[in-house]
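Given below, in the form of structure tokens, are the structures.
Here chain A shows up in two complexes: once beside chain B, once beside chain C.
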Partner chain A sequence: MGPIGENEFFFLMQGLKWTVLLAIVGFIGGGIFGILIALLRTSKKKVARTVTAGYIGVFQGTPLLMQLFVVYYGVALLGIEVNAWIAVAIAFTLHASAFLGEIWRGSIEAVPKGQTEAANALGLHYVSRMKDVILPQALKISMPATIGFLVQLIKGTSLAAIVGFIELTRAGQIISNQTYRPLLVFGIVGAIYFSICWPLAHAGSGLEKRMAKAAR
Partner chain B sequence: MLNSANDQPTLISLEDVQKWYGAFHALKSISLSVRKGEKIVLCGPSGSGKSTLIRCINALETIEDGKIVVEGQVLDGSTKSVDAIRREVGMVFQSFNLFPHMTVLQNCTLAPMRVRGTSHADAERLARKYLERVRILDQAEKYPAQLSGGQQQRVAIARALCMEPKVMLFDEPTSALDPEMVKEVLDTMIGLARDGMTMICVTHEMGFARQVADRVIFMASGEIVEEAEPEIFFKSPKHERTKTFLGEILAHH
Partner chain C sequence: MTYTFDFGAVLDRAPELLWGSLGTLGLALAGMLLALVIGILGVVARTSKSEITRTPVIVFVEVVRNTPFLVQIFFIYFALPLMGIRLNPTVTAIIALGINGGAYAIEIIRGGVESVSRGQIEAGFALGLHKADVFRLIVLKPALRAIYPSLTSQFIMLTLTTSVCTSIAAYELTSAAQRIESDTFRSFEVYFTVTAIYLVISTLMMGLFALISRQYFNYPTR
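Moving on, here comes the complex of A and B:
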């Protein structure tokens, strides 16, 4: 058994950096495309609704691990040279956009119909109706679920290890193999995940309580 | 009756309007014309189509057949015609439908800025003017949830007025209010009527109808059964269904 010293800890922190970066990229990319998906999913056009429903179905109905494989090797098959970082970022963006799109579709539909009617009666167009009236209310409604998904996404980044990405979990595995102290190493890794995810989840439920109060 | 508006031009006309919800015939050959400055009260049992009727005028509902013209603009379902009509027609809802994430002032300035392209400063001036008129300017910085129902409905009236509409539609504006708040909203509406606003009100407030309406229209099962000046309407209704309805509704007042 080897010791776990400064170097090993530094290596884990390097992994943590990638975990956080991946989660941020997935969340921002997924957020941008997710809004688009949610808007198409709630549009008047049947084609848009059907196509996005299919998109959401595919990404919710298959494992993230498989999605990572398909994007990683699929992009290479198309003859485009990309590094693992780009491929994984694309996969997480696609994955997150499907889930966030579905969460936000639900919250757009949860905004009372009277709001749309009032906006229509005032003559507001689609863009203003969405941007000024519906989306601010929908995003507020969706906050708890959105934060819940972010927590899932952070933990889901560990799957990026499969395509050779050294994020927190993979870094832990490497250290564990070097030091033969799996329990200790993965205990530390787990504690790091927990120290990020728990406050987030906690903030989410706090927000939920505050919103419930404000809605009264 | 405040004025007889017989010499005024027609502002709204409906010809033979038909509306279906699936197999349910909600509006049956409705024809109606409203002159500038006229105040019309629509009443009738629930499900009679009175709300549907006014919601067709600003295209919140589509019609299957017939013709709706507002200020010379034919409502043909095109975005252009819908936009043109909604710019001229204000609406007040039973459930207020204020935007809960905006202050009272923001509720009032949004549409003029987005639809008419009014500058922020001008929109605020306009908003303050109409909030003053519904006597609620002191609450301008509050959020709707901080106001009483009556106050919210007055804000909703001010919000619609900020678009300076030619016609105001009221869809049971006092039905969701506690009894003690009905009066403040009705007083606001009476004030509007005095200032010459063209109004179509779906309401069961018969006192209001007596005081303000030029014509009272009674609807039942999707048809206009009877229409008359309030005095005649309340004193000597012709149709059996009108008599029954008035009997029921006046028994409570």
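Moving on, here comes the complex of A and C:
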């Protein structure tokens, strides 16, 4: 058995850096495409609604690990030279866009219909109606679910380890193989995830309770 | 683009994919049952008056829900042998799935139990219903109906999570895919096909759950 020293800890922190980066990129990229998905999903055009419903259905109905594999090898087939980091980031962006799109669709539909009617009566066109009236309210409604998904996404980045990407979990696996202290190493790795996810989850459910109280 | 797709190499291994799918269904089903048992026991402990039983359940739920399943399954995989328990990877995977699903089930079931209002129960007794009937008709059925949508979607998520069990070489669809990949080098074709199989599995499960819901919970509430 080897000791868990400064070097091992530093290696884990390097992994953590990639976990956080991956989650941030996936969340921001997924957020940008997610808004698009949500708007198409709630549009008047049936084609747009059907296509985005299918897109969401595929990502919600298949394992994240498979999505990672398909995108990882799919990007390589396109003949573009990309490194593992870009391929994995693309996969998480697509995954997040489907889930955030579905969450935000729900929030857009949860904004009272009177708001849309009032905006129409004021002569606002689609862009202004969405940007100034509907989306700000929808964003507020969606906050607890959005934070909940962010926690899922952070935990989900651990699956990049199976594709071979060295983030926190993969770093833990490597250290565990070197030191033969799997319980200690995965205990530490789990504690690091917990210290990121728990405060977020806590903030999300606190927000949910406050909003439920305000709605009453 | 010069690549030519060859799905034939994958389809030649169809029997393996079928067995893998059955392995996935088996893992999912066993995991769900264990999750349900942990969920019910957890709620009994969580809603008890004694803090000694309540606190561990709260900690368990928070720890499991805020750490990745992959880390959990590694931890369990290495922890069990140290406790002198030697199990094959598939059984270890079922335990990990049950523990993971159980933590979510506790929160969902607790919500259902709390949703049954006191007044309804009193009304049941006032109508002269037997205690068993009050539990069955007024407590259990509405509570089940209340938690059914979240519990079943959690179960579908658990089914998709079984793919992570490949990391400890449990017998299921993803590990079958990885075997076929390393034999044929048709990575994209293999994972594309298997992703489609997962989509079929989860769609069928969703349909089945909806059918059950229409059969058993199709009554007016007001």
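Everything below uses one rule, namely that the second predicted complex is superposed on the first by the 211 of 216 C-alpha atoms of A that agree within 3 Å, B and C clash if a C-alpha of one lies under 4 Å from a C-alpha of the other, contacts with A are read in each partner's own complex, and residues count from 1 in each chain.
The definition used in the following text is that a residue touches a chain if its C-beta (ideal position, glycine included) is under 8 Å from a C-beta of that chain, and two chains touch if they have at least 3 such contacts.
Remember, predicted model here, so these are calculated numbers, not experimental data.
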{"item": "Chain A: partner with more touched residues, chain B or chain C", "value": "C"}
{"item": "First (chain B), second (chain C), both or neither touched by A:Pro136", "value": "first"}
{"item": "Which of chain B and chain C A:Gly187 touches, first, second, both or neither", "value": "second"}
{"item": "Partner chain in contact with A:Glu117 - chain B first, chain C second, else both or neither", "value": "first"}
{"item": "Touching partner for A:Ser128 - first (chain B), second (chain C), both, neither", "value": "first"}
{"item": "Which of chain B and chain C A:Ala212 touches, first, second, both or neither", "value": "neither"}
{"item": "Chain C-contacting residues of chain A that also contact chain B", "value": "none"}
{"item": "Parts of chain B lying in touch with chain A, wherever the complex brings them together", "value": "58-60, 83, 86-87, 89-91, 93, 95, 97-101, 110-111, 114-115, 145, 156, 159-160, 163"}
{"item": "Partner chain C, residues of chain A touching it in the complex", "value": "58, 61-67, 69-70, 73-74, 76-79, 151, 155-156, 158-159, 161-162, 169, 172-173, 176, 182-183, 186-187, 189-190, 193-194, 197-198, 201"}
{"item": "For the chain C and chain A complex, residues of the former touching the latter", "value": "1-3, 62-63, 65-72, 74-75, 78-79, 82, 156, 160-164, 166-167, 174, 177, 187-188, 191-192, 194-195, 198-199, 202-203, 206"}
{"item": "Partner chain B, residues of chain A touching it in the complex", "value": "112, 114-115, 117-118, 120-125, 128, 132-133, 136-137, 140, 214-216"}
